[in-house]
Amino acid sequence: MIDPLSDVAVARRVARDIPDGAYVNLGIGMPILVGDVVGPDKEIVYHSENGILGMGPAPAPGEEDRELINAGKQPVTLLPGGSYFHHTDAFVMMRGGHIDISVLGAFQVSEGGDLANWITDVATMPPAVGGAMDLAVGARRVLVMTTHTTRDGRPKLLPRCTYPLTAAGVVDRVYTDLAVLDVGPVGFVVREMAPGLTRTELQSVTAARLTFADDVVELDPH
Amino acid sequence: MIDKRVASLADAVAGISDGATVLVGGFGDSGVPVELVHALLDQGARDLTVVTNNAGAGEGDVAALIRERRVRTIVCSYPRSMGSIWFEELWRAGEIGLELVPQGTLSERMRAAGAGLGGFFTPTGADTLLAEGKEVRTIGGRPHVFEHPLPGDVALVKAHRADRWGNLVYRKAARNYGPTMATAATLTVVQVEEFVELGDLDPEAVVTPGIFVDRVVQVAAS
Amino acid sequence: MIDPLSDVAVARRVARDIPDGAYVNLGIGMPILVGDVVGPDKEIVYHSENGILGMGPAPAPGEEDRELINAGKQPVTLLPGGSYFHHTDAFVMMRGGHIDISVLGAFQVSEGGDLANWITDVATMPPAVGGAMDLAVGARRVLVMTTHTTRDGRPKLLPRCTYPLTAAGVVDRVYTDLAVLDVGPVGFVVREMAPGLTRTELQSVTAARLTFADDVVELDPH
Amino acid sequence: MIDKRVASLADAVAGISDGATVLVGGFGDSGVPVELVHALLDQGARDLTVVTNNAGAGEGDVAALIRERRVRTIVCSYPRSMGSIWFEELWRAGEIGLELVPQGTLSERMRAAGAGLGGFFTPTGADTLLAEGKEVRTIGGRPHVFEHPLPGDVALVKAHRADRWGNLVYRKAARNYGPTMATAATLTVVQVEEFVELGDLDPEAVVTPGIFVDRVVQVAAS
């Protein structure tokens, strides 16, 4: 029986792959959860594309400052050692390869590492891109955090993306509620799987053809 | 004697022409020159091209300019945000143009204008819809898109403090697009919360040197 | 009889054309003199391409700071309202058209406004360019301050430069020890001449063909 | 925990390889990382490409590297200065290569490398010897030269103060190339006069955020 991981469990798994001292940008949505579950043993410097390095947690109620917000426009704080800079410099950090890890959400990921996470439909809603493309092309490692399928059960891991791309060939690793998969020369390689899940079941909810590592590990569901 | 301070918001936006390209600072609610935008609304210039990160929300600032049919085209990275109802309505009706630009490219294009450069190649946006019709060149084995400078006739910027030479410091993440927009416009108009004496700003910590600033008006902190 | 102006008298004449409140870059050599003769009634902001705006005069003996030098590597001071910034930003100011007036020395100037002021001989001395090309292409007005002829009497104002160019078509006005000349569509137009000098004499030390303004003014020799 | 402080100059320059491209900060005597350059001399790396504004003077810093035949090529804006005897001697003997770059272009090319851009068009140098062999494009009616990014394997930078995250502030005009070079190198090594506690630098006044810095060593002010 398929027992998908909770968002927080996926965030915990992502957090394990973030080394002490890393410069990290967490995308809007699910990726933000990662910041809450990184252990206190690691000193991580969070970057926000509106011009902050060394972002701290949300302020206590009543302590919010409308001019100290993150890319998702939520109030944040600044840690000792943090700094402010202008927008262009914030994107120098991103495009220039200075961010160690970018964690992004996704609508679709292709077996070639293409990412689609900005629009699904160009006709009826005005398009909006923000910093998604810069984050996808510039970080040293691009990690995707997503549910394995859409809400109505359609696969998100595909041979080719059908939605408009954010960037081509950029994704290094995908963390879903069912598996951890590397993107390599042969496409998706499954490294870890949710407890109780069979390879056949995982393949059945994945449109891209999966390869399985020799030593597939069981994901911690908590 | 140099004195860039002006007495009123009306003086600050005087002379802005119909058809002008107006760079408007801010990201979400942070660093938006709200009072200057409302002064521009009162001033009456129309047929504007507005360059800004978001298309406004609710009935205030850029949303009000859009509602009043004063904006012919918006050049923007993330026009579709919570409450951007006026933009969405006019966009669906075909009554406002949209040039969608990735956030880092938006900022870098304005920087190129301010820096007197003729354009640049960026990997951001390559292989995506936003590269359509643009020159693409492979550099270092990777596709890059050619992007043109994006100058403004006017920039409307919010800063924290200014002196009579127009030197500026900002506050926290409200800095965002301000320093870049100030370099990119023929006329840079700034609203600040406080005027200080010449020499009171630390010369090591001035963020926007006065050379980039034409007019400064004081607006009480909201 | 030809009575050439002193360097200081030429500097005084240049200074008269610098309006109150201007942002000015003075090139190494003769142009530096201009800073000493601008009247106290004008507030001029001097730019130095190593990262200073609002440069003041030389410090008192014993007050020198080796880290506060101008582009000529001489110790300077900073005025209240001055600021420091990095090299790339210093050249944004220059290339981006933010400097109102650049005063440059010259080996040669052509009637088309071409400037040669960086090398005369590429074979035996290593070439060195510094910021000369950036200053020549970027300032709103490029003023040249030079002796009318070389030390051995050869003309510096030519139909075409014979030395390698610094930039093409950039010079707006030339101030020599004999005349003030505008560079226009018809070439050099003489506006002012040293006392006692005839048009024939001036033409005889000028290789380019001169046009004379209707109202040629006599230069103040002091 | 992040701690970029290293105990000695030898630790600071450890691992720099033969054949490396080394960006060396400083303009004239201001902001030169003298002790780091001497440490590199002791360290032994040879066949270097050195990118710097001046080619050194007398027997110290970059001049000493040149004298010891450790520099294969210098990429430089103003190699010929008072006392640059070693550079001139080797240049005449054909024992050192010189790539001459206009000062603003030198800085901008390093910025492009740090910003992840593929190159840019600049009006600086158009119609001159320094555009020979380069792509030229007319933009806005004006010739522009295409310039490539200029990345370093190593940057040697002098700053004033640092904290353990590597955040930097500079002193007066010694800032010059430092902030740009710090972004452009794979390994950025900084000498400072003083270490301060994390949180002691004003987050509004940090000039180089620590993300651009790899190692910091303290050297007493000279």
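Here the chain labels run A, B, C and D in written order, and each chain numbers its own residues starting at 1.
Here is the rule we use: contacts are C-beta pairs under 8 Å (C-beta built on N, C-alpha and C of every residue); 3 or more make two chains touch, one makes a residue touch a chain.
Source: prediction; values computed, not measured.
Traced through touching neighbours, the fewest hops from chain A to chain D number 1. Set against the C-alpha centre of chain C, every other chain centre is closer than that of A. Between A-B and B-C, more C-beta contact pairs join the chains of A-B. Here the CA centre of chain C is 30 Å from the CA centre of chain D. Averaging Cα coordinates per chain places chain B and chain C 35 Å apart. Separating the centre of chain B from that of chain D, both taken as means of CA atoms, is a distance of 32 Å.
Annotation for chain B: residues touching 2 or more other chains are 108, 111, 115-117, 122-123, 170-172, 204, 207. In chain C, the positions touching at least two other chains are 78, 84-85, 91, 94-95, 137-138. Contacts between chains, counted with the stated touch criterion, involve the pairs A-B, A-D, B-C, B-D, C-D. Residues 48-52, 65-69, 73, 78, 84-88, 90-91, 94-95, 114, 122, 124-134, 137-138, 164-168 of chain A are the ones that touch chain B when the two sit in their complex. Interface residues of chain B facing chain A in the complex, by the touch rule stated above, are 27-31, 55, 77-81, 87-88, 91-92, 98, 100-105, 107-108, 110-111, 122-130, 170-180, 207. Note for the complex: chain A touches chain D at residues 20-21, 23, 43, 45, 47, 53-54, 78, 80-85, 91-99, 137-138. Residues 1-2, 111, 113-117, 163-165, 167, 183, 198-199, 201, 203-204, 206, 209-212 of chain B are the ones that touch chain C when the two sit in their complex.
By the touch criterion stated above, chain D contacts chain B in their complex at residues 108, 112, 115-123, 137, 139-140, 142, 144, 169-172, 202, 204-205, 207.
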